[in-house]
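What follows is a set of structures to go through.
Shared chain: subunit A. Partners: subunit B in the first complex, subunit C in the second.
And then the complex of A and B:
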């Protein structure tokens, strides 16, 4: 298993070095796979491990994106620093969401509604603040200066997204083995029982939320300086939250490799179908596929693709059982 | 009109993310009937309700039925999937342009004393009111209705006394979808719609239902009034584009301090 993973990482790092086999479209595709894998991993901390279904993660991404973009354009502060400011602000918002949701004991559907409502509030506020471009959005002019997180070469974005995804996955794998990860799993499986067993559920849910929103905020910087334009309805919208959630769910929420597997399944599907269907005037077809896949996963594969895959692999490598 | 709509949403106990999209399908069906067959939406809403009844029955029987016992989160995700399919199927078939259904009644207006009333709105409100009355009669006076309420209250107890709970769930879900379909057809002449309207409608209806209290008729009525008054006040005192902010803030407050809603019973 470990050798396999190391091989996979080595291949991913080496791939863009061969531009002849690896065209620019593939670089874009893989960049998106890594980036959404990273966002899914960030969501996974609170949504997968702690089992708190947040449907408003777009808000954290939006806050991070706007913060880094504004600091860079208005104040000249490099996004390499601004991304941490964005992450910190997103974590502050995460603390607000977490405090309200967890202190007031909102569970299940009510927690989902709270996160949706708060991200919608962010969307409306951003759309009505002229200083950040209002409903028209905020645009960053391209300079190609690496110190401003802008690169001529799309392969730079490839490596950054890969780094983000691997970093977040390593962090989650590490946490999984710590007491923290075990507590989160206990909270997910039976909150009342873990509380009775002496776990400070509020504290650990808050920590998970803070970490998750901070990471998502970091991702916001990448989003801003990869696309160079921010619209409130896109960056804070419910559809983006769905994009963030669906990958870890399909791949396997609450497992370290689930979001990565999910992103490798869904991102190419989304990109290719968007590409081909919109050429044929078939708008929305890729989202129909998403919906159908989500239904299928809930019905037939509620634990996600990765656990199934891991079992199949284990059976192949250890045929004695 | 909002109130009439609210009533329908409020009585439904199944809160699902696909409601708004089912409503949009009701609108598009009415639009199809009006443009292809020349049928006025105030007549075709019956057919729309029937079609959506079947759709609701199918969704329940084929999908929801399988995971009734699964955690709440899985049901939310499932309905999210259904919502995605429905919304984008509408996008695929009807395109992203906003549509509007014309009705003969929409041009007529009426003076009620000093008040100037739009006949279409009046009829929509009237039909919605009648539908709601019929629905509450159905829920409170018929055997099927009684078993729906029993199953919602205590599925196990209902099962013990011999209720076919699975069938009851299917009927309740289908009736809910039919109501939403009828509502869609009735509202179609009043506001322009496009596939993405579904999400807004779902969110707005959650707002109203949560604020009023789930499963409460009075609550739905008051919730609808409260939301529309608060939004109008917000539009006057702040900015028209900020009016949604008021209702979302209201939703957050209600969620925190009275999650059962203003008129809801305390849930176990």
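And then the complex of A and C:
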């Protein structure tokens, strides 16, 4: 455990210093690791800890992204404020889907289908609304004005993404030890038994959904102003939801470091395979690599990589500590 | 004074009248045994009392207030806790965290709650297993975890659904003793039990259900020889086997 803590501290100290020695491609790669780590952590609250498998988190990201982009471009409202508006709107959407799912007792596959339906509805609505660019998408022209969340230097995005990931992870670590975190874990393990032990399962599932959708909505601002274009089929698409979910599952759902570890494993894999496969004309082949990896994780590491990693390090350090 | 008061409780599942016009009381400080053959409606009665099922008709009062229509967690907060016939500990949480979930209802601060949970874990003889995941326990230990979790909610009334089932005689005897200690600490108990030795030694009063109806009630010794009870368990042709009354 000591070795693990030392490693974590070393990485934390080193990460902010990295961009000065990295090439620009590595900065991009790490920015994506951090950002998907953040999104995975946001999903982890409701999907990992509370065990409510949302497969439509792209909807929250998309709502946050469109909100901040529209406020910035159409109204001149800085995305530094707009991101909270986006987060709040995403949370409203989270409340609606949470209420529908939890009030009417949709569990397992049925909850998955409900959340997928939600993101599909968002995709179709955005694609048919001319005011937000319709199916062609919404474009943000680059000004490089930091007030409008636009930066000349890609390292700015690196640091923001790092801050988002560390902030969300610290929040989850704090919540994990408190009543909220313990109740979510109890709900994941057995809802009826939780009710019998005095847990208001509806309330806590709703709170988890609100927090998770709010954080994901915050991430939407980063997404919009990092890519400068929003396509309904991408931002509200099922593949993006899968990208959000797969990292915490591979890393260890329901653990504070799982999404981070998962993102360090998968984001480089996704980027590099996307890069090389598309060079060879094999577009989408990285999804096959993903699928194979997911099957391997389910078979050999059903609880994810992080719990296994933590145990291995603990065992190695046990004789000395 | 009556702690729990159920009047005219009824529940039907399709063509089966699981509980029919049931009256049931538990007084403060009392241990009541709820017995009857399989399918008599005992667990359904528990589910109605603890809020897991909605009654078709009837009234349930706990500590003087109606709890009809309240969700299980709200009923638990009022001081009525239950265990499940098929144990349901949280498998991937430690024993201590299982009990912590129960303790957090009365102690919102996790540090306080952990101390209370720890005390309950020790009291139920699970101290050595506190950091073990519940999934890795024996049945007897899992039953104790379930009991500890219910007890950690600091109930006035504990509903125990067949806590002895599946235990060997030594384990059952130890659990009877533990339940006796819990009762002595001021918790009233309503228990469903097929283990006659346990239910006879623990209960002040027995209520017998058959086909959802209460067929007999009274002190354990009298109820055991009641013709209706013998009929319910063994069939009509054995009623003559009852000792003369």
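Points worth noting:
Keep this in mind: the second predicted complex is superposed on the first by the 298 of 321 C-alpha atoms of A that agree within 3 Å, B and C clash if a C-alpha of one lies under 4 Å from a C-alpha of the other, contacts with A are read in each partner's own complex, and residues count from 1 in each chain.
Throughout what follows, a contact is a pair of C-beta atoms (placed from the backbone, for glycine too) under 8 Å apart; a residue touches a chain by one contact, two chains touch by 3 or more.
Predicted, not measured: the structure shown is a model, and the values here were computed from it.
On the superposed subunit A, the two partners subunit B and subunit C both fit, without a clash. Residue contacts after overlaying the shared chain place A:163 against neither subunit B nor subunit C. Put subunit B and subunit C next to each other and count what each touches on subunit A; the higher total goes to B. By the touch criterion stated above, A:146 is placed in contact with neither subunit B nor subunit C. Figure note: vertex subunit A, arms to subunit B and subunit C, all at CA centres after fitting on chain A; angle 80 degrees, rounded to a multiple of 10. In the superposition on chain A, contact of A:190 is made with subunit C only, not with subunit B. When the shared chain is aligned, subunit B comes close enough to touch A:238, but subunit C does not.
Once both structures are fitted on chain A, no C-alpha atom of subunit B lies closer than 12 Å to one of subunit C. The residues of subunit A shared by its contacts with subunit B and with subunit C come to none at all.
Residues 50, 52, 71-74, 76-77, 81-84, 88-93, 97, 100-102, 104-105, 108-110, 113, 149-150, 152-153 of subunit C are the ones that touch subunit A when the two sit in their complex. On subunit B, the positions that touch subunit A within their shared complex are 15, 63, 66-67, 70-74, 76-78, 80-92, 95-96, 195, 199, 203, 206, 210, 239, 241-242, 244-245, 248-249, 251-252, 255-257, 259.
Those residues of subunit A whose C-beta lies close enough to touch subunit C in the complex are 177-179, 182-183, 185-186, 189-190, 192-202.
Those residues of subunit A whose C-beta lies close enough to touch subunit B in the complex are 51, 53, 100, 104, 106, 108-110, 112-114, 116-118, 120-121, 124-125, 127-128, 135, 238, 242, 249, 282-285, 287-288, 290-295, 298-299, 302.
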